[in-house]
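Structures follow.
Presented sequentially are two complexes of chain A, the first with chain B as partner and the second with chain C.
Entry: the complex of A and B
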């Protein structure tokens, strides 16, 4: 799709989950490319040709090391790119509706209501001077789901659902009175308050105690499933992807390296980067900790070769001939000429 | 009752601080060259008259003995006498402090009124027109000396344009009946609109001068805190869940900004209440600042000491009140 065609996509007047055909993915990201700076003065291209599809009710993991562009992808989906960043090309569709180029009013309406996000560091994600319940109730209220009184009682119910004991009283508390685990439960309650079709969880357990991580992840999965919502779980830990998501997309240096059912991707990785990542997380038996040699390339422009070529054990001359295309290979897609 | 303990602790601190301030000021004024006895008796007086005056003032005694005497006086509510005005210092203060309070309050209100909203708006969009204007305004405001600004304002608005009254103090016409000592309030209470107009006209230039110089740092601080808050995780979260921009600014960001900014504003007000020496001097404003300057020039110990103590006192008390307010407003201090 060319940029000119985007604006012609009409915003649907009526939205209904039931009306959407089942083969339309909840989230459909095609060739998403994001750059910093202006077209005449491009400073870097942190996302290049991202493809990502999340079907209804599906749990997708977005895996990659720091700086691979996972969170930036989430920001682009929400239409909240940082200052100075812009979408160069590509498309992001939510339930079939094009979001790139959509008016801010429409995006604001969709955020929180049809797509929601929870971040890492939950205690910082909640406002220190507003009550936790008040913040949840506000999200419900601004989307016109309920009035002042009704939204508060819904907020209390949501907190209780997320396993916050004594929710009616705790709703009146402030975030500094919450532990990290409880704050993340509250953040989940806030994100799910308007029953979104898609929840993006951006490293939701980073910064929590190891014992809490599993609990919070299980709660996220359970709550998303019970609402028939889709989950995009952003994590650097491929083991987390393996235990909680049906499908996995592996990113590296702003590109998708491999994407497919988690079981096949982790059991039989076709991209050397996926193999290296699995090895680094110790999911392959080994004595010593494995580290991928070299560093992530700086993304100053569109690369003309495989981004992993410099660090790849299987690198060959043909890897330098161009950016490997994301090819369909059985039930998955792989961006590697050797696959 | 944490609030009561907190206030008690701060009051103890207040006493300790005032004790320290009094000691330092006392010692400094006494060891400085300049003997008020010479000024009192004049050059024509003979040795025995001079001796008698020195004896009466007690300034031939050891300095610690003098201090002890002063503190005993202080605890009985006596701030000493001014030899220059021949009045007890408390009497002089009763006349002059309302003038300072009136000017300080008007300046503080104006200062907050322009700098805080400007700081908030300019922080919302980087490199926007308001952001650039805020840069210029705060840069000029913090670097222009207030006495110079006062003189320029007099030159322009009184001398050239003739829309401001002459800088000769508080009021040209009749003084309203004394209730609070603040001419603006008193003329309001008396329903005397002419007096109110006159009082406001006199107040305008010195208050604006102070509002510009004290507002500039306040503008910087407000803009800084607002920028920081708008970039924080909880603002990002609220935005990502569709909270409208209006609520983001007013409900989510503003309270986080006003807490530290109000502390800064309170410090500024406390500082103004202690007398604004230079501006009072330029506008012949009969307040504590001008009184202190006149007293220093006359080696008049008691009023100088009293003015410093009053300044420290008002600073600490305003700060204490703001702290107590924060204790009530900020949820984080409550648990």
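Entry: the complex of A and C
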């Protein structure tokens, strides 16, 4: 089957750059707050009021250092928070449909079909005792009417589309017979098998070597674009965000610090954390590596101040007066009183 | 000296190579489990062992390709002997004399060209009895172990999956069972309920369920939160599908290795029960019972009465242990 055989749904026309999404975003996360422990015995609050909008056909990067809550945000969107975590408040909407509090049956139906995810370690995310093609075919069967043969041939076609040579034969292989790059291609095929509206890629290239990273990222972008799907690319590499995503959201300590078109955010960061993060990546002519002083705050309770205040070069008394609001500033949103 | 280097051919093994476990895809696992269920159900109504023959044939077909090790280009002896034993149990009885036929004149004659294994004190043909005994011993062994797997494996996986109280209660119950010596527990139950073949199978299965429960539990625990399980969940699969399609196939290697050891145990338990007179009813040919009947004759130098069934037990158990080793090492 050729890609053209899939019915091409006309995408809502959003020419990414800077256009404020007027219609319903594919993913709309508002004030999402997630805590560990029960309401009487709160152990930590790793997500504190996340705001995140991904418009149809848009590629959004979610950038932040380790522990900033990027992956947890993805888990919350999918409704698969780890044991002990719960959504305290906020809303997650997929194409306008509220997911927080939605019945498990409905979520199960949406997962894989309307929103899909690919993980960091492709070898671990494919089952070692099932054939690669079989796993993809299974996902197709779970969400559609396709029979065994039909779903198998669809799986083979998908693998071929992802650039796996000799797909009809390789589909019968097990994941240990695949190389890392091929396994990630297979994981992408599985994630895209039911034409989701939203693909969440959780550090999809971290486990791959540098030459493959570029290839796989380009493949992800190309395949997502050709399906008119939206991409939420989770990465700690702001360079990846810069080269592959139209919009970027910067997270720090479970908060959104800044969000807007990648070009403006990286060229002219308004939040001191974003600039610090950009500086930390450095350039070739830099003499010393820049490091942000201080440590990430513990997230034991909801902070009543800017999370970055302790480490911020511009910190002022008013930064401690309350959590800075995520304010609209031209075409972006910034959570900083100084911006 | 072998001309073909096994290493060289091993590393470039063809994709679809057949190995004992790799070739047994989950569909076959389902077949095996289903036949085992049929067996247990049928045993209750089918004293003629017809169901057993069907089941054992299916099992034989399942493992038949594994006799040939295509990588090393040799026959796997354990698999071959096991298949021979199974075939012996299946069609052997067609070619022997009546194992129950008494013949007082021929009592206790030694092995000869006519009566290969000699006769016992009632003049019964020991060869015929050993062959017929295979049916019973293998049948009870396999079905008891299968029953234990069918109950123990899902329970063990569920214990991890559910966790909490369910897990602890299951573990305490299995500990209660395991705190008795296996044979003593079996002895007690048989003494209370009375010996019959379905009951023997049931008892042997019961004492083995905790083994599978714990084994599966410990094998599932490290992979229950593996990325591929999360991936399956993210793909919108149902929890039960995840358990049976994605988790259990990953632990079948350990469980299968345990299975063949377990069949050997089951035969040992049956033989031991028969030895003390609580196994199968008297005239039925059963290896353990035959060893007991014959051991008084040993002092008079009539070794053949108990040695031949003893060798049968030994061969079967050794073969099964060997088989389990192979499964564990995946060869």
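In this section, the second predicted complex is superposed on the first by the 313 of 339 C-alpha atoms of A that agree within 3 Å, B and C clash if a C-alpha of one lies under 4 Å from a C-alpha of the other, contacts with A are read in each partner's own complex, and residues count from 1 in each chain.
Keep this in mind: contacts are C-beta pairs under 8 Å (C-beta built on N, C-alpha and C of every residue); 3 or more make two chains touch, one makes a residue touch a chain.
The shown structure was predicted, so the numbers you read here are calculated from the model rather than taken from an experiment.
Engineer: After the alignment on chain A, I want to confirm one thing: do chain B and chain C clash, or do they fit together?
Structural biologist: Pair status: clash.
Engineer: For A:290 in the superposed arrangement: first (chain B), second (chain C), both or neither?
Structural biologist: Once the two structures are laid over each other on A, A:290 reaches no partner at all.
Engineer: Check whether A:176 is in contact with chain B, with chain C, with both or with neither, and answer first, second, both or neither.
Structural biologist: first
Engineer: For A:190, select first, second, both or neither according to whether it touches chain B, chain C, the two together, or no partner.
Structural biologist: both
Engineer: Following superposition on the C-alpha atoms of chain A, which segment of chain C from the set 19-27, 37-45, 55-63 or 109-117 overlaps chain B?
Structural biologist: 19-27
Engineer: Indicate the residue numbers of chain A shared between its chain B interface and its chain C interface, in ascending order.
Structural biologist: Common interface on chain A, chain B vs chain C: 78, 80, 108-113, 116-117, 119, 121, 124-130, 138-139, 142-143, 177, 187, 190-191.
Engineer: Mind listing the chain C positions that touch chain A in their complex?
Structural biologist: 15-16, 26, 226-228, 230-238, 241, 245-246, 249-250, 252
Engineer: What part of chain A is in contact with chain B in the complex they form?
Structural biologist: Touching chain B: residues 78, 80, 83, 108-113, 116-119, 121, 124-131, 135, 138-139, 142-143, 174, 176-177, 187, 190-191 of chain A.
Engineer: Would you pull the chain B residues touching chain A in the complex into a rising list?
Structural biologist: It comes out as residues 126, 232-244, 247, 251-252, 255-256, 259, 330-332, 335.
Engineer: Touching chain C in the complex: which residues of chain A?
Structural biologist: Checking each residue of chain A against chain C gives 78, 80, 108-113, 116-117, 119, 121, 124-130, 138-139, 142-143, 169, 172-173, 177, 187, 190-191.
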